[in-house]
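Questions regarding the structure given below will be posed in turn.
Labels for the chains are A, B, C and D, by order of writing; each one numbers its residues from 1.
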Amino acid sequence: MIQTGNNTTLEAHALECVRDDRTLFSNLGFRLERGQALILEGRNGSGKTSLLRILCGIRLPDAGTITWDETDISKLGPDYHVHTAYVGHRDGIKLDLTPLENLAMARALGKPNDTTLEEALEKVDLYGFEDVLTRNLSAGQQRRLALARLLVTDTVLWILDEPFTSLDTDGIKSIENLLDQHTTNGGMLAVTSHHAVNLANTTIQRINLSELAA
Amino acid sequence: MTSDSLTRAFALLLKRDLVLAVRHRAEMINPLLFFVLVTSLFPLGIGADPKLLQAVGPGVIWVAALLAALLSLEGIFRSDFEDGTLEQFLLSSHPVSVLVLAKVLAHWLITGLPLLVISPLLGVLLGLPGDAIIILLVTLALGTPVLSLIGAVGVALTVGLRKGGMILSLLVLPLYVPLLIFAASAVDTAAAGLPVTAHLSLISALLVLALSLSPLATAAALRISLS
Amino acid sequence: MSLNEFFNMGGYAFYVWTSYGIALLVLLINVILPLRQRKKLLGDIARAARRARRDTT
Amino acid sequence: MFNNFFHKMASPKYFYRISGRLIPWLAIAFVLVTLAGLYYGLVKAPPDYQQGDSYRIMFIHVPAAWMSMFVYVVMATAGAIGLIWRIKLAEVVAISSASIGAWFTFLALVTGSIWGKPMWGTWWVWDARLTSELILLFLYLGVIALYNAIDDKRTAARAVAILALVGVINIPIIHYSVEWWNTLHQGPTVTKLDKPSIHLSMLIPLLLMAVSFKLYYAFVVLMRARCEVLERERHTGWVRELAETK
């Protein structure tokens, strides 16, 4: 496993993504360091989700590479995944498990940190729901549970696809706080969002995929 | 990642799938019911002549087991795909093939093992002699894991498709042919009172081969299906 | 050997010539299909290119 | 360096040009070898002392059966190359092989069945080779169905490669198991669809036809691969130019 130092970087070089014969973006590059957030903007279908999935390593770029500490992520495999956490469109939680069971599984899939599962639930305002079947939670609560997965493993890069979907104003605010804390502690973020993302203490880079394509 | 945490992930995933299965009992019972139903339809279709039944019995039971397994296969990955937990497995810091193995093991415990338990009853219904029933049990014990293992590759390839079910049977059933041949003829041979060591070692070889290759192929297929 | 004998194939004419006929058919189909596909594709692509040019001007 | 060379060789444009030049020569060679094979097979070779003239179906059936296996192996190999080295051209060759292989399998099945009629008196016997071919046909159809079901053609090609690899491991096992099953369930009295005690006069046309089928496969797979390349590269400049000059 590679050790991540303080000057870890995530770099994209000349990325290209083609879907259904349409080039969504090409020659896209950026460099993300600890403490920074990358915010992707653009119309629906401009390739935000595709780019995030490429950053995760789920999807292969049609051209170009992504490097983590100057090593191609497709060569790193699990050694890259151990530093990343992804919350996609789909929550990645099982409705027929309780929040605690869901988090326990999420924790086992990565490198556990010191936060207890109960603390993680408390941070996303789900304390007291740990033994209810997730099916019986509201959409906003389910989304918060999905985001709680970020808190139970020791990761650097959080990749978030529309994290604020179904959240109310208070929910958004508390999640923004969590994100801000993460970058302050030396984490990185890659986020798409329809809402404005307010991160007071974070250096933000924006990429607008619609403008890039034009 | 240490092997310790890998073992924990394996155990937790296995437990998770078993818990989910218990909370969805119907899905567990359907293939079993199907297995019993199909087998008991045969005497109605071809007549209840004991000699005839005994002759076709091994084949019928094994074909029914094949179809019952096919019916349950999609359950391995479908719901995990739909709620996004499957992509979390691909993004874990553990080898995906090991996680796949945990899921396949769970699938076998949920659907394969019940077939095994109920099969002596079906053997009796079709008039198989005692020795043959014992061999039937042995072939199912060695063979049903192969069904789950090979099936997992097929499901992994079709899990992203809307009409994956039809294609799944086309992909998987031809690959089941060798197992069907060896297993059914083992029971047949046992019913005739002959030794079946050769058959059983062939089935074991299939199991070993499937066990070593299928998780890798399944993991690769999942990566492709989710990309 | 006479031509008649040749076509008669020792009484197996039907089987032998049907087999060879089907073989010929299969081989021809596999040549014609890609030829037609290529022609259609090139036509489609040319039309699409012309349309694209008209749209931009 | 080595890698670069191969990637250039495998560039779609280069492939399209070279294959265009190669196809006519392969086609001519195919016609010549086939004519020779037919002459030796239908005219020169004497009737078989047991099967009379019906055995001449062998000159199609056996090469077609060989090709059905051969093409599957080519498909799996090309698929593996595409998967490992991400060479798009290999993916194209793999998927172009699938339908040709399926046609060869179909041909082997139909001619086997027609050959069986005078031998066995029925159109279908569960003979080992025919049964294997039938299962092989299912394997091919699975590959084709999977490719057509997946919308994104790059993903489809990679999925198909995995399936072809799984299939190619299974084919020998299926083959062996079917042979085994066949000897269990049928006495040795039934003559198998097999080369009659082969004589040089029969071997020559058999080999000629085998070569002819290989040549045929070579130029037809190139033709199909060219179409696939055009389809995939339809948005590139060179394909548009090509289309408009035609």
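In the analysis below, a contact is a pair of C-beta atoms (placed from the backbone, for glycine too) under 8 Å apart; a residue touches a chain by one contact, two chains touch by 3 or more.
Remember, predicted model here, so these are calculated numbers, not experimental data.
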- Query: Which pair wins on C-beta contacts, C-D or A-D?
  - Reply: C-D
- Farthest CA centroid from subunit D: chain A
- Whole-angstrom distance, CA centroid of subunit C to CA centroid of subunit D, is 16
- Cα centre of subunit A to Cα centre of subunit D, whole Å, reads 47
- Would you mind pulling out the distance in Å between where the CA atoms of subunit B average out and where those of subunit D do? 32
- Per the C-alpha means, the centres of subunit A and subunit C lie apart by a whole-Å value of 53
- Message: Two-or-more-chain contact residues of subunit C, please, as numbers and ranges.
- Response: none
- Within subunit B, the set of residues that touch 2 or more other chains is 227
- Message: Counting only residues that touch at least two other chains, what does the list for subunit A look like?
- Response: none
- Item | Inter-chain touch pairs (all) | A-B, A-D, B-D, C-D
- Item | subunit A-facing residues of subunit D, complex | 151-152, 154, 234-235
- Message: Using the touch definition from the top, list the residues of subunit A that touch subunit D in their complex.
- Response: 19-21, 23, 62
- Interface residues, subunit D side, partner subunit B - complex: 83, 135, 138-139, 141-142, 145-146, 149-150, 155, 158-159, 162-163, 165-167, 169-170, 173-174, 176-178, 180-181, 184
- Item | Of all residues in subunit B, those that touch subunit D in their complex | 153, 157-158, 160-161, 163-164, 167, 170-171, 173-175, 177-178, 181-182, 185, 206, 209, 213, 217, 220-221, 224-225, 227
- Would you mind writing out the residues of subunit A in touch with subunit B in their complex? 1, 53, 56-60, 78-79, 81-82, 84-86, 88-97, 101, 104-106, 108-112, 149
